[in-house]
Amino acid sequence: MINKVVVNADEAIKDIQDGMTLMLGGFGLCGIPENCISALVKKGVKELTCIANNAGVDDFGIGLMLQKRQVKKMISSYVGENAEFERQLLSGELEVELIPQGTLATRCMAAGYGMPAIFTPAGVGTEVAEGKEVRNFHGKDYLMELAFDADFALVKAWKGDTAGNLVYRSTARNFNPVMAMAGKVTIAEVEELVELGELDPDHVHTPGIYVHRIFQGKDYEKRIEQRTVRTK
Amino acid sequence: MINKVVVNADEAIKDIQDGMTLMLGGFGLCGIPENCISALVKKGVKELTCIANNAGVDDFGIGLMLQKRQVKKMISSYVGENAEFERQLLSGELEVELIPQGTLATRCMAAGYGMPAIFTPAGVGTEVAEGKEVRNFHGKDYLMELAFDADFALVKAWKGDTAGNLVYRSTARNFNPVMAMAGKVTIAEVEELVELGELDPDHVHTPGIYVHRIFQGKDYEKRIEQRTVRTK
Amino acid sequence: MLDKNGIAKRIAKEIKNNSYVNLGIGIPTLVANYIPQDINVVLQSENGLLGMGPFPFEGEEDADLINAGKQTITTLPGSAIFDSALSFGMIRSQKVDLTILGAMEVSENGDIANWKIPGKMVKGMGGAMDLVASAKNIIVAMQHVNKAGESKLLPECTLPLTGVRCVKKIVTELAVLEVLPQGGFRLIERAPGVTVDYIKSVTAGKLIIDSDVPEMQID
Amino acid sequence: MLDKNGIAKRIAKEIKNNSYVNLGIGIPTLVANYIPQDINVVLQSENGLLGMGPFPFEGEEDADLINAGKQTITTLPGSAIFDSALSFGMIRSQKVDLTILGAMEVSENGDIANWKIPGKMVKGMGGAMDLVASAKNIIVAMQHVNKAGESKLLPECTLPLTGVRCVKKIVTELAVLEVLPQGGFRLIERAPGVTVDYIKSVTAGKLIIDSDVPEMQID
């Protein structure tokens, strides 16, 4: 096996440069690469284009990078509640490209499957279709959407082994597997880095071939955005 | 949950009619739906179009259906060693469409993902490209290939629960998950049918939403095509 | 006239036994509370869960287990987890039988607008465009008129569209309406105490009224 | 002149440390036996396995665990299993660094024919067309001439193609040749005891010969 282990987030992201395009896994604050985001904030790299389903909240997730004005452009499906985001967008400091969620996921997946483009009905007849090729198959219209290209994909898994095989936990899986497949360089942070042989080959969600660097993350906060409970 | 359980293979395949198109999971003889094949042979349904990576051997797998002249057309990537297959092909009794293995898998997957067509470089510049649209992305040519359509998909899993969630074992996974997603009706046979809650949601390979019928298979032979060993 | 829970209750009656359903945020989420006990319904959450259970008990929240509204939830025996691409794969391939979502406007040919108001901060379409472009059956849960008192059932949408010719049925605080394939809102039911004339007065799109429009039965 | 194992041994020297490799059926399979112990190589089998191990010990065969040649094999610590679509997904997206496969013919511009002889029973291309269309680096392992004594290194292939302009290097029983981007077989090495003139005589395609062609070092 090929050893993909790096010591920490700083080491993993050290060659991420100003102006690059990053994919960041997660849905809301669930399954986001917390350690990588902290390291990016610390490094202060700027002018980033971030492909991520959401933009975090003011003081967590990608919101931390927005606070430091590190993001030039967000490519997302829903940017939620984030006052700093809204301020930067309205002032023109931040560019935003909104993409249907399924299209976003599938354009990542397409890159990992070596498919340059995919067809989806999402957005047909709406402003999302502007400038895009529409094609009819079996009587239904589809948009042709191109695979995403990212310099780095930053994903968070539950467990990973030294060969880069990843296993996700519950709905923290979300965009992580498709982004893990799509990065020119994929960095995985894991809650538990295990030895070869500890993961069942049948349970691996992301085969190590897609992962270039892996590290044992620390101090996971795993913040809950909408704590909703019932009483016993 | 929705209960997908039927009593046995005969019940599961009872509405498969002459002239239909079937997908059959498996690679070689590994992970094939043995019980469904036996039931199809017993039922004697004819003029079938079979989408399957291989065509079995003379006395096992799809070979059993060939012996009974139930197959009109095979859509496969490699038809291997099968004398009856060869005889029927050369005599014109059997039609064969050969498709690159990755294209075959991806055309199944496309159906399950609701994508009417995909792009692949496989076959560009070869006779496989004849009559197909060639499209250049980023300087490289790709063929546009259409999603497969099948009346029934017959797959074999290791374990499955009553809601149709499936878990495969080792390389018996192969084409099964992508075909399970692609059938208008998907029938899954399993070595072990378990109760709801016995499968870890994180380990489910095929979510039950794709499976219409599931049954506890029996008498699995699991024949090995190339027994290759080393000595201790 | 119905309240939000009344709308949710009425929509719950549209859900068939043995079906997979995706519930949008807002009123649609409330529908889950009114699904009859005797039918099997599996809720799909587009962030990657099939078989969504109720909210967790206090203290049992799991940060890794949320729904598409980012609320903490639970799984059920028989649940399955998957990634976002497969989630929308099952939506696009029409394995999800019914989608229930909110709207700002619906047109008489079934177009829906529910994601963007020009000049206002736009948060994004999330999964709505994928859902409306793919689902076999789409029911809209919304108020009949907007805050300015204007009808949300229009000849044509005025807001940027989410999807075209996709809405099959609409349930408002006043009425249940079917969108006809040839265009037009067919009035199927009135809310208790609401007259046909009143529904007419707040429906800007073409309204088709049969001789007898029954009152809703929601309990 | 090399035997099959000699060809495999020479090709093994082309494999880089920390690489993912797909081995075709025939001579390429033998390459696995000669990969140096001190380098990390992960074998991908296109039926859905990353990290292919050796054949099982007698009595430990598992019918569910085979390679693309349908042989019983084993996994290794760190192996991963996946479906056929993802397997070709990683091939198409060029995550597999090197593909080694056999051929019936190779042309001087890198076209390869290895799946079909008109008039003979055709078994199919299996995964070969996907592999050659996708791989970053393709090495062909084959005999220099066919059974009729005709060169298999041609100006143009005569058999139906498997892929175009894709072969980077060829190792035969006689020589190692590089396919140049502008076309032509550049003779890199001679097998022990084989002369340049002899190689010339059995190479029908354009052969580029440098002033000094070293003999292979395979042990």
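For reference, chains read A, B, C and D in written order, and residue numbers begin at 1 within each chain.
Here is the rule we use: a residue touches a chain if its C-beta (ideal position, glycine included) is under 8 Å from a C-beta of that chain, and two chains touch if they have at least 3 such contacts.
These figures come from a predicted structure and were not determined experimentally.
Participant: Can you list every chain in contact with both chain A and chain B?
Facilitator: Looking at chain B and chain A together, the chains touching each of them are C, D.
Participant: Between B-C and B-D, which chain pair is linked by more C-beta pairs in contact?
Facilitator: B-D
Participant: Round to the nearest whole Å and give the separation of the Cα centres of chain B and chain C.
Facilitator: Inter-chain centre distance comes to 36 Å.
Participant: Which integer distance in Å separates the CA centroid of chain C from that of chain D?
Facilitator: Taking the average C-alpha coordinate of chain C and of chain D, the gap between them is 56 Å.
Participant: Using mean CA coordinates as chain centres, what's the gap between chain A and chain C in Å?
Facilitator: Spacing between the chain centres: roughly 29 Å.
Participant: Listing for chain C: what residues touch at least two other chains?
Facilitator: Where chain C meets two or more other chains at a single residue, that happens at 49, 75, 81-82, 85, 88-89, 91-92, 134.
Participant: Could you check chain B for residues that touch two or more other chains and list them?
Facilitator: 106, 113-115, 120-121, 169-170, 173, 201-202
Participant: What pattern do the touching chains form: line, ring, star, complete or other?
Facilitator: The chain contacts form none of line, ring, star or complete graph.
Participant: Please list each pair of chains that are touching.
Facilitator: Final set of chain pairs in contact is A-B, A-C, A-D, B-C, B-D.
Participant: Touching residues of chain B toward chain D in the complex: what are they?
Facilitator: Listed in rising order, the residues of chain B that touch chain D are 27-31, 53, 76-80, 86, 89-90, 98, 100-106, 108-109, 120-128, 158, 169-178, 205, 222-232.
Participant: Can you check the complex and tell me which residues of chain C touch chain A?
Facilitator: Those in contact with chain A are residues 45-49, 54-73, 75, 81-85, 87-89, 91-92, 111, 121-130, 133-134, 160-165.
Participant: Spell out the part of chain A that touches chain D in their complex, as residue ranges.
Facilitator: 1-3, 111-115, 161-163, 165, 181, 195-197, 199, 201-202, 204, 207-210
Participant: Going by the contact rule at the top, pick out the chain D residues touching chain A in the complex.
Facilitator: Against chain A, the touching part of chain D is residues 18-20, 40, 42, 44, 49-51, 75-82, 85-86, 88-96, 134.
Participant: Quick check on the complex: what are the chain A residues that touch chain B?
Facilitator: 106, 113-121, 137-138, 140, 142, 146, 167-170, 173, 201-203
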